[in-house]
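One chain, chain A, appears in both complexes that follow, with chain B as partner in the first and chain C in the second.
What follows is the complex of A and B.
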C-alpha cells in the first residue's frame, strides 16, 4: 500500500513538471507591456502598486495623468502599461503558476533579466492578495455581513391599547456589489426558536460523512 | 370608555329577539362580513325602522371597538350601558357576546397598522464552490439562505450567501437573542 502511494506521488510530481502552465500573451498585451523596459525598476514597482489599487478600487484618470506627466510620455502609454501589468498579475495568480513558469512566460516579452526578476517579485508578493480579491468578485447574490437585534415589548398601538407583545427586531446587513444593504425585520419568540433549530441543522450538514467525503475528494 | 358611551347613542329595538340579532350582527360585521352591506338583512330586523336600525348598528360597532381597544372590563361596560338605560338582561346579552368574540377582535385590531416584515421561516442549501472563471480553484463550502418574510399579506424571500463562519455568527447572535427573551420572561 505504502509503495503504491509513493510511486503515485512521484508520478504526479513528474507529470506536473511535464504539464507546465505557461501564459499565452496576446500581441496587444505584449505591446502594452513593451513600455516597461523603457522606465526604471522603481517606476515598474510603482505601476505594480497602481495596478493592485486598480484591482481593488478601480482606476482613476488622475493617477495616470500624474504619472504620464512625470515620465513625459502620453497618458495612453501609462494606462496600457498599468493595465497590461494588472492583466499579467491576475492571470498568473488565477492559475497559480509556479516561479519557473512565470519567468518562462515573460521570457517571450524579451525583457532584460532585472526586469523579469522585478516582475517575478511583484507576482510573488501579491498573488495571494490578488486571489482573495478575485475570489470575491463573482458573487451576484448578497452575502451575509452582520445581524443586529433588540428585544422589545409592544405596549400599545393606534388601534389597540394594553398590549404585551414581545418582539424581536433585527437589522440584517448584507453586502452585494460593494455596498451594504440594511433590512429591518421582526419576529416573535417562537419563530425565533424555530429559526435557530433550522439553521443549526444547516450547520450540522457540514459535519456529515457525505459532506466530508466530498471535501476530501474534490481538491 | 366614557367617550365611547357618549359617542354612541345606541337606541336598541324594542323586542328582545331583534336585540339579540342586532348584537350578533354587529359583532359579525366587524369580524367576518367584510363590509357586506347586506349584513342587516335579517328577517328579525325587518320590522324595525330601518334608519334607526342603521344608527343603532353604527353606534353598537363603534362601542364594541372602543371596548376592545381599551380592554374594558365587565363593570366598565355594564356601567356604560346602564347610563344608556339598557336593562340588566340586555347588558348580559351584550357582555356575553362580547366575551365570546373579544379575543378575535383583539387579534384583528393588533394586526392593523404598519410594521416591518415578519420572518416566518428560513430555508437553506449547502453547496461546494469548486471553481469559477475568475479564480481557477476555490474548493470551499458555502450556504444559500432564504428568509421567508411576510408584510401585510405579501410575502418576500430575502436571499443571501454565507460561509460556515458567517452562519455560525448568525446562529450565535440568534441564540443570544433567544437567551435574552428567556431572561426577560422570567422577570
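What follows is the complex of A and C.
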C-alpha cells in the first residue's frame, strides 16, 4: 500500500491546503474488500466491530466460522473481509486522513454511496481509539517502575574480620510489555556519587537552549 | 522552605494542594480518616465504604477521596521514615495551612502508631533472598557402586529462600558430609557471636 501526496493551493480565498493524502490500495486488498458490497449494511457494521476487537484483543477463528455459517460463505472470505476492513481503518487512522480524502480513497473500490458512508462513519467513530491502541504497540524498551534501596556496612566475612565496607544495595523494578522485571544492583559510595552526577547531567540536558528550541517547535 | 517530614526537602506541590482539600472535612471525621489510612499502612486494608461515608458530608468526589487518602498516607509514611516527632510534625503541618484541630487529631494518631508504623516500614525494607525454612535429614550410606562398604553418615539440607531476582520461593537441596557440616556449624557460630555483639 503506498501513499500519493499532492500539493494543492486555493488562491481565491487565500487559504493554502498543503498536503492531500490518498490511500492507494493494493489489488489483494481491493479483492478482500470486494466482499463487503455483497452483504447488507448491518453485517458491515458487525464486521467493523469484529475488526476493532481484533485490534484490541486479537482474532479468534470461532468468530469467523460463526459469521461464515450465518452468511453461507466460505470462512476465508469473512476473514479477508474483516482483515481488509481492519487494515483500511488502521492505515487511515495512522495517517490521520481527512473525511474527503477517505471518501476519495474508497471511491476507487466502486462501492455504493451508502457503503462509503458506513465506512466513513466507522472511521470517524473509531479513529481516536485506533490511534491510542497503535500508540501502545512499540513498547520496546523497559521503563522505570520503582527503585528500592538499602545501605549496609559489611563488618566481617569468613576470610577477614574487622572490616568496614559501606555498600548500597538496590532493586530496580522495570515494566516491559506488561510484566515486572527485577534487577539487583550493588554499589560502593564513590560509584554511587558518579551515578548521581551522571543522572543529574542528563536532567540538566533538558534545560539547555538547544533542547528548549526543539521542544518549542514540536507541536 | 525545607520540611523535616519531607526529608529536609521542599514539600511537594500536590501535598500542598491536597492539604486544603483535607481542611474541608470536620476534624472529628479527619481523625477517623487518619485511623483508616493508618490501618491500611499497617497492612490491615482500608475500608473504602467507611471512607466514602466519612467524606460524604463535604461532598468529596472520587478524585478528592483518593487525593485525601494519598496525602494522609504520604504524611504518615514520610514522617515515620524520617523519624519526625509529633510536635515538629504538628508545627510543620500548621505552617502548610492545615487547621489546628485537624493537626492535633492527625498528630495524636501519628504518635499512637509511631512505633508500629516504623516496625512495618522496617519489615518492608529491601531484603534479598530471605531464608524461609530449613529442613534436614541424616542418612547413613551403607554401600555404593564405587565401594562395597562405605558406612558414612550424610546430611541432606533443604533450604527454602524467597528469591532475590524472582518473586517466588526457591528450594535448594544440598548433601553435606559430617566434616563439612562441622566446618559450616563452626563458621555460622562465629558469625552469630559477631551478630550478638552488635545487638
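Quick note on the criterion: the second predicted complex is superposed on the first by the 131 of 219 C-alpha atoms of A that agree within 3 Å, B and C clash if a C-alpha of one lies under 4 Å from a C-alpha of the other, contacts with A are read in each partner's own complex, and residues count from 1 in each chain.
The definition used in the following text is that a contact is a pair of C-beta atoms (placed from the backbone, for glycine too) under 8 Å apart; a residue touches a chain by one contact, two chains touch by 3 or more.
Since the model is a prediction, treat every value here as computed from it, not as a measurement.
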item: Contacts of A:183 with chain B and chain C, given as first, second, both or neither; value: both
item: First, second, both or neither for A:158, with chain B first and chain C second; value: both
item: Contacts of A:24 with chain B and chain C, given as first, second, both or neither; value: neither
item: Which superposed partner A:149 touches (first chain B, second chain C, both, neither); value: both
item: Partner chain(s) touched by A:72 [first = chain B, second = chain C, both, neither]; value: neither
item: Partner chain(s) touched by A:195 [first = chain B, second = chain C, both, neither]; value: first
item: Chain touching more of chain A, residue-wise (chain B, chain C); value: B
item: Partner chain in contact with A:42 - chain B first, chain C second, else both or neither; value: neither
item: Chain A positions touched by chain B in one structure and by chain C in the second; value: 149, 158, 161, 169-170, 183-184
item: Residue ranges of chain C in contact with chain A within the complex; value: 125-128, 164-167, 187, 191, 194, 198
item: Chain A to chain C touching residues, read off their complex; value: 148-150, 155-156, 158, 161, 169-171, 182-184
item: Touch list for chain B against partner chain A, complex; value: 68-71, 106, 109-110, 112-113, 115-124, 126, 128, 130, 132-139, 141, 143-145, 147, 149, 158-162, 164, 166-171, 173-178, 180-181, 184-185
item: Chain A residues touching chain B - in the complex, by the definition given at the top; value: 94-96, 131, 134-135, 137-139, 141-144, 146-147, 149, 151, 153, 157-163, 165-166, 168-170, 172, 174, 183-189, 191-196, 198-200, 202-203, 205-206, 211, 214-215, 218-219
